[in-house]
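Once you scroll down, you'll see the structures, which are given as structure tokens.
The same chain A turns up in both complexes below, where it pairs with chain B and then with chain C.
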Partner chain A sequence: MSVSPAVPSTHASRPQRGWYKRNEIAITPWLFLLPAMIFFAIYVIIPIGQSFWISLHEWDGLGEKTWVGTANYERLLGWGDANVDRKFSVSFWNNLKWLVLYLLAIPAGLFIALFLNQTVTGIRFYKSMFFFPFVISQVVVGLVFSWFYLPREGLLNAILGFFGAGPINVLGDPTLATYGIIAAGLWPQTAYCMILYLTGLNAVDPEQVEAARLDGAKGPKMLWYVILPQLKPATFIAFVVTIIGALRSFDLISVMTNGGPFGSTRVLSFYMFEESLSEFGFRMGYGAAIAVILFFIMLGFITYFLYAMYQDEKGAR
Partner chain B sequence: MFPTPIAKTSRTWQISYQVLLPVMLIIWLLPLIAVANFSIKPESDFVSGNYWGIPSSFEAFSNYGRVFFESNMPRYLWNSLFITIPTVIGAVALSAMAGFALGVYKFKGNLLIFFIFIAGNFVPFQILMVPVRDLTLSLNLYDTKTGLVLFHIAFQTGFCTLFMRNFIRALPFPLIEAARVEGIAEWRIFLFVVLPLMKPALAALAVLIFTFIWNDYFWAVVLTQGPDAQPVTAGITEFNSQYRAAYHLMSAGSIVAALPPVAMFFLMQKHFIAGLTLGAVK
Partner chain C sequence: MHSILKTSLAALVAAGVTASSAAADAHGLSGELNIISDMSNPAPRAVMEGLAADFDALHPNLEVNLTIVDREAWKTQIRNALGANPPDVVNWYAANRMRPYVDAGLFADISDLWAEPEFEALASTKGAMTLDGAQWGVPYTYYQWGVYYRKDIFDQFGLSEPTNWEEELANCQTLLDNGIKCYTIGTKFLWTAGGWFDYINSRTNGYDFHMALARGEVEWTDDRVRQTFANWRELIDMGAFIDDHQTYSWQEALPFMVNGEAAAYLMGNFAVAAMRDGGLTDDQLDFYQFPVINADVDYAEDAPTDTFHIASGAQNMDAAKEFLRFVTSADVQTKINAGDALGQLPVNANASIDNDKFLAQGFDMLSNNAGGGIMQFFDRDFDAEMASVGMEGLQEFMVFPDNLDDILMRLEETRQRIYN
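Now for the complex of A and B:
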């Protein structure tokens, strides 16, 4: 019995298609991904592994690498009979200060956003003026603040003098310098958090606010129970970017104090650079070991961020 | 709206708000105002101790003139431009393609690759520094603009892919299905269906990446050395050692170095904010 001709055979009506054509849906994504993946692998993924490898060696960046096992880590962390590297511990504690104090950008940004979330004439101008420190490069922010802090010429001491205080040499005092740099870093970071919250506030459901108002909620209570829960996505991004920013702090330190006075403002990212590429010689292996430790600190946060994003993705499906 | 709209509050608070706005702004921008003031002062003001007062004469033209005509600043500015523009084009092109692949197709490992891009984007620069510098040296690209551009493209692709993929996800998928039913080739769907819809994302990313790359300092000092290839962020330190303690010139120089991204921001504000706040609203 022959097959009913009502269903024409696809094989006969269409010419034989090429292999690519038949597998188009399966292959296209990989073709589109390939350039980005190659670039990313060469410059980001593979170097992470290489840094691990280098951290197990002594290397001046030019000659042969000498295998030293975990000796670099032992010297850094003071395992065995060695003492902990003092520069390392100073850097580590400064990193913690950065992490904690940098988070102040989030409430500060929220405060300014609440202040500016109005519809008066010219408010757009004010919003952009409050935001634009974020666009300035950290190098220039560092310069601006180091001139602001100058003991004689700086505006800060002029203001303090007006109130009968000071003068203080912020960047010359080992106990103050790190806080001075963090304050400079908070300036653009607060601006960024502000813009996140302004966008978030814009999307707050007005009906919920009105309903809460009718129920007698206002001020801080309204903020805490009605507004902040709706700002959660903005808070999450502000948190991610602020943590990353705190651990990446390098430009400001390099420009404002170059690690001084007496090495009191070093952080891990700066100390690593100093060990690897400074006038005291290229100690790439030791530097790589510092970078690996910094990487693991960061990895804790990255895992948390990715976990949070993954939960989100699952929800979206 | 929260807080209560100003129009619905008492007259006193309305007036004090209008006064408070400019006062807060001035306090907020005080360090910058001081530097702008420095940059238009004559040198004699610094000798006589008139640091933060009104300039005794208006010297903006001569100060900024010296920045542009008696230093390496113009060269550094060109370098910055020739590093930034190719990076923007490269990173946006690569990530538009990668974002299309990750946003439109369902395949094994899709989410894993996406998460690798995101994770790589959060990594501390220092763990890449030694190998990337080594690689750049062995490619003979150390102290060249190309060396910097290649790295920047690669690194920015992480962030850009995150951005593009999420944007494409939000596009109406039936459009793509309709095109498929019509028998249009996949690459043509990308070029003629998806890409035109991505214009806002492309614009937002371009402005953002321009700013990020222009402001980069770390990689500039790691991968370049002199005025041949260094961008302005690194060049400013050389400029400052040339004019040590000449605050009127140093501040003029920093303002010039900071200006292009600022101009970009004010010109493309809408796209810039849209890019930065992606994901801040659900």
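Now for the complex of A and C:
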């Protein structure tokens, strides 16, 4: 007679692992990513596609869309027989002015940070005072500066008058207005860059500074060859936030000049808003076409930032 | 004989039945009536709340729900409000401002209401409520535009109200010689310049030409339009307007008049309340009609009309129509436009005007001295995009009159794109 051995068979009794258990390593990261991906798709990726689609139509936001192909872009960029849309070219150049001049916030912020990076009584108070403009709302900054610039009562003209210079109406002069708004925007942006550099300065290696000092470096040479290289991460972040800030200049313009005088202070984002959503707007197709162009400009910067960060990560590895 | 009697009797009975059923309808309204109003400033808000409460009390079975939205915000919110799950009654403006909602089928056609005999009292605004041959809303108030001036300053220099352009320019020269600007204006938000264009263009070329321009039938580079700007330029070259007006809103331009640095203001009647708040008494403040420029054309006046409309998706159409009958009735219009309420003019010809110096003058002017026609205002008569490009050009012209050719070319380009 054959009696089966008392040893239990190891084959059958081995518990069958579930499909999820078997693929756990591969699947779990995606599960964690899924909520973010869904929201990113719904609120970012799909709307970008929709903007493209709308920009190929004429649409008032209410009725039926009419397919017009690239007509909106032709009007905007002046392809074919149309002249380039003057409002668009004004907005585009103003955007460039913002991008270039706004970068002044970086050296200004660095200078203030170096100045404040010392230990005297009450330095915390001074630091917070310098940081103050970044805390208050952009709308308030805009209001304060528009009062500062007022042609008759404004502080600026009182100061100019003290030195015998004639009164100027900064926000009423189409050649000056954009620079006036950028100056207002630089005030909080400088504070932001300052705080980035202050934290960066805390991380500067004192031993390297000491070694450089022994080698006889001081003043600008010390700053350029020893301090600044160590501040590179802070500079990169300051650059990123300043570029983004320059492209988000909408609120200051809306509060200070409302795009005027005669549209000379518009930027692309403001023009897009005016065409599509303002009181006399609701030309969704044209507004979307402006948005698409703004998107490509931003995409250029974003690609650069991503590339720079990728290079950084590679270097760190 | 017999049959005739019978038919007439039947007709009588039928008339009686319809009459009583109409009466029953009026009292038998039930359900809910949803109103969204943009009358958000303190005085108008009280008026609107009073209207809703009174209408609610008249119809015991009807529940009136009122939502009040900020007036500026409503200009962009109305689209969403009318789209999904619309209210029954909304506020809006007359003339071309209705166009997008009429074209999109969001306003209900209420021509049947206008066919009722009671609505003949509103005939003066019927044109402004008509698009595509049908009526789309009812007016509840309007107000005159004109020149509000400092009577004490005029008296000081021995000036009288000008009736024609020569007197106007002579007055202005006297004021300027004494270091006072003729007109205050704030063009930061552009529309104030539109008022000046409305007046100078309609006085130069007449109402019909102005409306043809508004409908896009005339080129902006037309010589008649250039004549309008040439007349306007006479004032600008004299320095008649305050400096730096492109930086001020219309309220920020008021202190110039209150302080006596400028003598007059071309404005709507709503500015009177602000001037009185600024400390000007009725002895110091007076009103005159914009003077004649071209003696061959009749007076045309800006008198913007504010309106009620029924959404085409209204749930309670009967109650909504009854509400429109209610707000256009003579009694209600008298009450809501009184000096202690809106302080404006009632549209119903049978309503009475409150005893206010400016309302009385304005009503007299619009009823007896506006033979050319009533304009709604630059941004309501012109197509929306044309109006925004146009007003920007007008502001630029007021600051840099030398840019006129460039401005007109730009406006003409826009006109050709929009209307063709």
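Basically, the second predicted complex is superposed on the first by the 275 of 317 C-alpha atoms of A that agree within 3 Å, B and C clash if a C-alpha of one lies under 4 Å from a C-alpha of the other, contacts with A are read in each partner's own complex, and residues count from 1 in each chain.
In this text, contacts are C-beta pairs under 8 Å (C-beta built on N, C-alpha and C of every residue); 3 or more make two chains touch, one makes a residue touch a chain.
What you are looking at is a predicted structure, and each value in this text was computed from that prediction instead of being measured.
In the superposed model, A:G172 lies in contact with chain C only, and not with chain B. Shared-chain residue A:R86: touches chain C; no touch with chain B. In the superposition on chain A, contact of A:G315 is made with neither chain B nor chain C. By the document's definition of touching, neither partner reaches A:G69: not chain B, not chain C.
Contact with chain B, but none with chain C, is seen for A:E24 once the two complexes are overlaid on the shared chain.
When the two structures are aligned on the shared chain, A:P261 is found in touch with chain C, with no touch to chain B. Once the two complexes are overlaid on the shared chain, A:D60 sits against chain C while remaining clear of chain B. Residue contacts after overlaying the shared chain place A:L277 against chain B and chain C alike. Residues 61, 152, 277 of chain A touch chain B in one complex and chain C in the other. Contacts from chain A toward chain B in the complex involve residues 24-26, 28-30, 32-33, 35-37, 39-40, 42-48, 50-51, 54, 61, 114-115, 117-120, 122, 126, 128-133, 135-140, 143-145, 147-148, 152-155, 158, 187, 192, 195-196, 199-204, 206, 209, 218, 222-223, 226-227, 233-234, 237, 240, 244, 247-248, 250-251, 254-255, 268-269, 272-273, 276-277, 284, 287-288, 290-292, 294-295, 298, 301-302, 305-306, 309-310, 313. Residue ranges on chain C touching chain A, taken from their complex, read 75-76, 79, 83, 100-101, 103-104, 106, 188-190, 243-244, 246-247, 379, 384-385, 387-388, 392-393, 395-396, 399, 410, 413, 417. Across the complex, chain C is touched by residues 60-63, 75, 83, 86, 150-152, 169, 171-172, 257-258, 260-263, 274, 277-283 of chain A. For chain B in complex with chain A, the touching residues are 1-7, 17-18, 21, 24-25, 28-32, 34-35, 38, 46, 51-52, 94-95, 97-98, 100-102, 104-105, 107, 110-111, 113, 115-120, 122-135, 150-151, 153-155, 157-158, 161, 185-187, 190, 211, 214-215, 217-218, 221-222, 233, 236-237, 240, 247, 250-251, 254-255, 257-258, 261-262, 264-266, 269, 272-273, 276-277, 279-282.
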